[in-house]
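Two complexes are shown next, each including chain A; its partner changes from chain B in the first to chain C in the second.
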Partner chain A sequence: MTMAAPIAELVRDYKANARIVIVGASLAGLRAAETLRAEGFTGSLTIIGDEPYEPYDRPPLSKQVLKGWVPADHTELPRLRHVDADWRLGVAATGLDRDTKHVRLANGDQVPYDRVLIATGTRARQWPNPTEAALEGVFALRTRDHAARLQQALAARPSRVLVIGAGFVGSEVASVCRELDLPVTVAERGPAPLVGPLGGVIGEIAAEMQRDHGVDLRCGVGVSSLEGDASGHVRRAQLSDDTTIEADMVLAALGSIRNVEWLEGSGLAAGIWGVGCDAGGRAFDINGVVTDSVFVAGDVARAPHVLYEYEFLAMEHWDNAVLGAEVTAHNMVNLEPHYYPHLLLPGFWSGQFGVNIKSVGVPPFGDEIAFVQGSVKDRRFAAAYGHRGRIVAAVTFNQGKWLPHYAGLIERSAPFPPPPSGWDQPDDLKPIPAEFPEHGVPTAIPDVVLTGHDPSERRAEFRPRRR
Partner chain B sequence: MSEETPWQQVLRHENRANPYPFYAELRKTPVARQPNGTYVVSTYREVVSLLHDNRVSSDPTKRPGTAPGADPAEPGTETITAADLEPSIIDSDPPEHDRNRSTMLRHFYGPPQSPHQISDLDPEIRRIVAGLLDNMKGKTRIDVVDDFAYPLPVTVICKVLGVPLEDEPRFHAWIRDALESFDLGPEPTSEEIQREVADGHRAVQEFGEYITELLDQYAEQPGPGMLSAMVHDDGPEGRMSQGTLVTNAVLLLFAGHETTVNLIAHSVLTLLRHPEALEKLRRRPELIVPGVEELLRFESSVQFWHTRSALDDIEIAGTTIPKGAPIFLLYGAANRDPQRFTDPDEVDLERPDNQHLGYSQGIHFCFGAPLARLEVQAAVGEFVRRVRNPRLVEDPPPYRRNQIFRGPRQVPVDIDGITD
Partner chain C sequence: MRIVVDLNRCQAYAQCVFLAHETFRLTGEEALTYEPNPDDARRLQVQRAAAACPVQAIVLDRSDGAERSVTS
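Presenting the complex of A and B:
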């Protein structure tokens, strides 16, 4: 008898009888559940989510919902197939016990698993001063509830909105404010909007776009404090350049924090950048050894990418959550030779100030940029990012239909600058520095140390820093 | 005379009903150079790649008269709007293309101006479909083309554009003449064909004059529909020139129904040839949405497109398409590429990952796709539900001449009646 038969038997049995738990009931969690069923998994499936809602879609929250086109509670994700799961909504997972293979819940329950998927995503970084953050009129934007409150507040027509942070979410909200004809100030510590994801050259264009649409954009300044009135409603903000902004509504768009705290003590490679995993979604433990039963997908996952020198990338993008979930779910119910890799080229889209911005690849991986198609003046162009003579990313403004072309070039590691297009060439095709901020310097004190004497004994150990 | 290439056989009228065996031959050479210098691309991967390649132009004026190294005696690279019309969006490159397309899109289904334009038509479309089926009551034989597939899209596109439906017989004749005259095939250039070509040119000319008059009327007195809105638009891109407006209006009126007629006719024909699929759709009407996509893959309304050319040497699939060469992208063949679709010659209404090229891809992706989808879903869905025991009278039915807008001239069907 060959080995193949019992292994096939094993997989069949696993698919029929195993217990799978998914933590995080949003985009990645739902798509993973659907894929598990599509792959023929008929065992027990539990989906745990701390929000009380059925999985919903986030991109419309900063766009259609705020404009008042779609109510916040009409953003539920379409179900692609029946998932037949035990939904535990409104209760957070508080721990992962890998020895006994249980997920601990906030209500004291313990859910046993054979395999578990971590899809807990990220949350909004709150305004750091809790008293100021608690002022009436101070908002963050990540969830359906946030969006509903924000939309109401905008509809009540504040006299001025202050947006802190000009990343994608901050810029989108500023754009909505202008569409609603509300005065808005954007304060950004960096030199221009979107500099982190797209670099200073594109950031400059984004800045012009904001100013053209009447945004009071202040770059190179931070907000140092928020002040409220007697009734506890926010009234003004102090900026680091000693100016004051009168605003009765504030959105803190300060980026995101990965939801990994509940994994403390689980011995997984989880940290501020997410949960480390291989390109197949299998989580690493803190030693960097791949696990067999813990998987990760979506915003919280961090995996190496062949095209980016195996750098571990955490991608906070919609299509990454979908494809990552599909690939990981497949791997959860299959064996080694049939594993799928998750090698999606990261992509992002954003709508602001009447312009559709899309990017593909990892722009911050590039150090040069070249405009390759269209016209910057008309805000209708494509630009490519290069790193050591090859194209690593591209961004388009109102030229989204060309993205597959650039994705193809990136996948083939085509030379940078890429060959010019046959028509519609910009005036200047010469590459220039892309102006990304310095890459993060490693922290001085390691959180992880190696212990043990024998090679086989050497283990990594997590040592929380005392502050 | 040397043997015909598979492509030349595709172009023959006698093979119109079933070009697929020749497509299979063609796919063995994904990018096949023809004696007239045209490069015919038939495999999915290569078609998609060229649709997204910014060295491929759609503007016929950028193409030299004859392709380098071509045999000048070989016909087959002239364009359909040969009359004195300006290039439409389908025959132009960025930036003109982008400007005009987005100007038009605003009045079609582009948010924020008209996000509901298409979906609001749904009740009307369903009413028209119901009326057409009601008219068949008492009949035992119908023609799916004339009695059903044609009237729906024509009525709808007239309404969308604001073209008086009473004028339908006039532009119907122009469109027919234009289509008949346009033949890329190897059939000898007889006197009859010569005459048809002349007729076709005149038809396009008259069609253009008709639209010009209509636009002039709207300029004086605004009316309902997209054309009037476009005449009066001062959007961010400015107003379209009169000439551009005319060609694009002709294009919309033409493409807005011609392809949908074929799609409905072919969908019914395909379902009658595949009784299991028909039965499945009858039992599970919700499959109409993926089902129409599959029918569109199976019998693409636009089989290929013929105005593209290389602006540079393009290396693809081991071949170099030289700068200046005409490129024909074969949607019909790519949609049956076994490298991309499992069992491509089977009809699977639930086909997963059905990224067909029935509406093309890239910047020239079908402008009217959302409207066409709605119409065909309503028409085919209701046909399946209401027509009792439909049987094909003639298989294959007679086909029209045109190779690009391939479709049956008639689809006679015997029926047992119409349910309510």
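Presenting the complex of A and C:
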């Protein structure tokens, strides 16, 4: 007798009788639950979420919700199938005990599991001074409740909005303010908006776009403090260049923090960059050994990526949550050699100032950029990012239709700069430095060197996403 | 009804805007925004729009999620 029959029996039994717990009831958690059922898992399924709401979609929160078109509570995600789960909403997970295989909850309950999926995502980084953060009129934007409060405050027509941080959320909110004809100041510590995700060359274009739309954009300055009036409402901000901004509404768009604190003591490889896992979503323990029963998906997962020299990537992208959840859920109810890899080519979009910004690949992995199609002046262009002679990412402004072409080049590790498209070609195709901030400062040169693979010897085969 | 558009896939062909303009809108040339929870009276319109999307980026409810039981 071969081993195949007992293993198949084991998988069948597991799918019928196991207990799976998903911690995190947002996009990744929901799609993982649906995939588990689609894979024939009929055992017990528990979904834990710290917010009292059913899973909802976040991208609309900084756009159509703030404009007042869509109420914040109209963002619930569509359901692809019944998940027949025990939903524990409005209660946070506070601990993971891997010895007894229990998830601890804030209300004292303990939920047993055979396999657990960590999909706790990220939260908004709050304004660091708690007294100032508590001033009326100071907001963050991550959740549906945040968006509802922010929308109300915008509808009350503040005399000036101060947005601290010009990443995607800050830039999108600034755009909405201008659409609502509200005066807005954006304060960004870096040299331009979007420098982290897209580099300084694109950042400069984003800066012009903001200024053309009447945003009072201040780069290279930090906000030192916020001041309120006698009734505790924010009135002004002191900037690091000794200027003052009079604003009665402030959005702190300071990026995100990964929700890993609850994993303290679990012995997992969890830290500020997320929970380390393999490309199949299996979590690593603190020693870098893969676990059998703990899985990770979505914003909180960080996994090595074959296309990016096996560097660990943590991606806060919508399709990373969806596809990571689908792959990981499949792996939770199957065994080697039937695991799937999550080898997503990362991609994101943003709508701001009437321009659709889209990207594929990992721009910060590149060090050079070349404008390959369209016209920067018209804000309708495609640009490619290169690293050591190959294309690693592309970004488009109102040229999204060309992105799949560049995605194909990235998947094949095609040369950089890519061959001219022969259509709508700009005058100058010459690569220039992409101007990203240095990685991981102050420890840019680690004493343990990551050993990537030689792209010319790629043995892994990258396939575009299944669907 | 609940919908979501995969805006990675969306190529702004605008078929949905043409077929269900109360639910789907273009901001500028190609940034799509939409009402994620359109009124049930628009169901047929939205279903047609989803069916007409050349890249099939519009995801509709296939289940009402009625099994939900919140215990905490």
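As a convention for this text, the second predicted complex is superposed on the first by the 440 of 467 C-alpha atoms of A that agree within 3 Å, B and C clash if a C-alpha of one lies under 4 Å from a C-alpha of the other, contacts with A are read in each partner's own complex, and residues count from 1 in each chain.
One rule holds in what follows: a residue touches a chain if its C-beta (ideal position, glycine included) is under 8 Å from a C-beta of that chain, and two chains touch if they have at least 3 such contacts.
In this text the structure is predicted, and so the values were computed from the model without any measurement.
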Check: Is A:54 contacted by the first partner chain B, the second partner chain C, both or neither?
Finding: second
Notebook entry, point to check: Given the superposition on chain A, which partner contacts more residues in chain A: chain B or chain C?
Noted result: C
Note to self: Looking at A:257 after the superposition, I want to know if it touches chain B, chain C, both of them or none. Which is it: first, second, both, neither?
What the structure shows: neither
Next item on the list: For A:373, select first, second, both or neither according to whether it touches chain B, chain C, the two together, or no partner.
Entry: first
Next item on the list: For A:78, decide between first (touching chain B), second (touching chain C), both and neither.
Entry: second
Check: Between chain B (first) and chain C (second), which, if any, makes contact with A:422: first, second, both or neither?
Finding: first
Margin query: Looking at A:343 after the superposition, I want to know if it touches chain B, chain C, both of them or none. Which is it: first, second, both, neither?
Written below: neither
Note to self: Quick check for you: in the superposed arrangement, does A:221 touch first (chain B), second (chain C), both or neither?
What the structure shows: neither
Next item on the list: Using the superposition on chain A described above, determine whether A:11 touches chain B (first), chain C (second), both, or neither.
Entry: neither
Item checked: First (chain B), second (chain C), both or neither touched by A:133 -> neither
Checklist line | Shared chain A surface residues [contacts with chain B and with chain C] | finding: 354, 380, 398, 401
Checklist line | chain A to chain B touching residues, read off their complex | finding: 354, 373-375, 378, 380, 398-399, 401-402, 404-405, 408, 419, 421-424
Next item on the list: Quick one: which bits of chain C touch chain A in the complex? Just the residue numbers, please.
Entry: 1-4, 6-8, 10-12, 27-37, 59-72
Check: For chain B, which residues are in contact with chain A within the complex?
Finding: 48-49, 52-57, 59, 62, 93-95, 98, 236, 311-312, 361-363, 365
Check: Inside the complex, what are the residues of chain A that reach chain C?
Finding: 54, 57, 59-60, 63-64, 69-70, 74-91, 105, 107, 109, 318-319, 322, 347-349, 351, 353-356, 358, 380, 398, 400-401
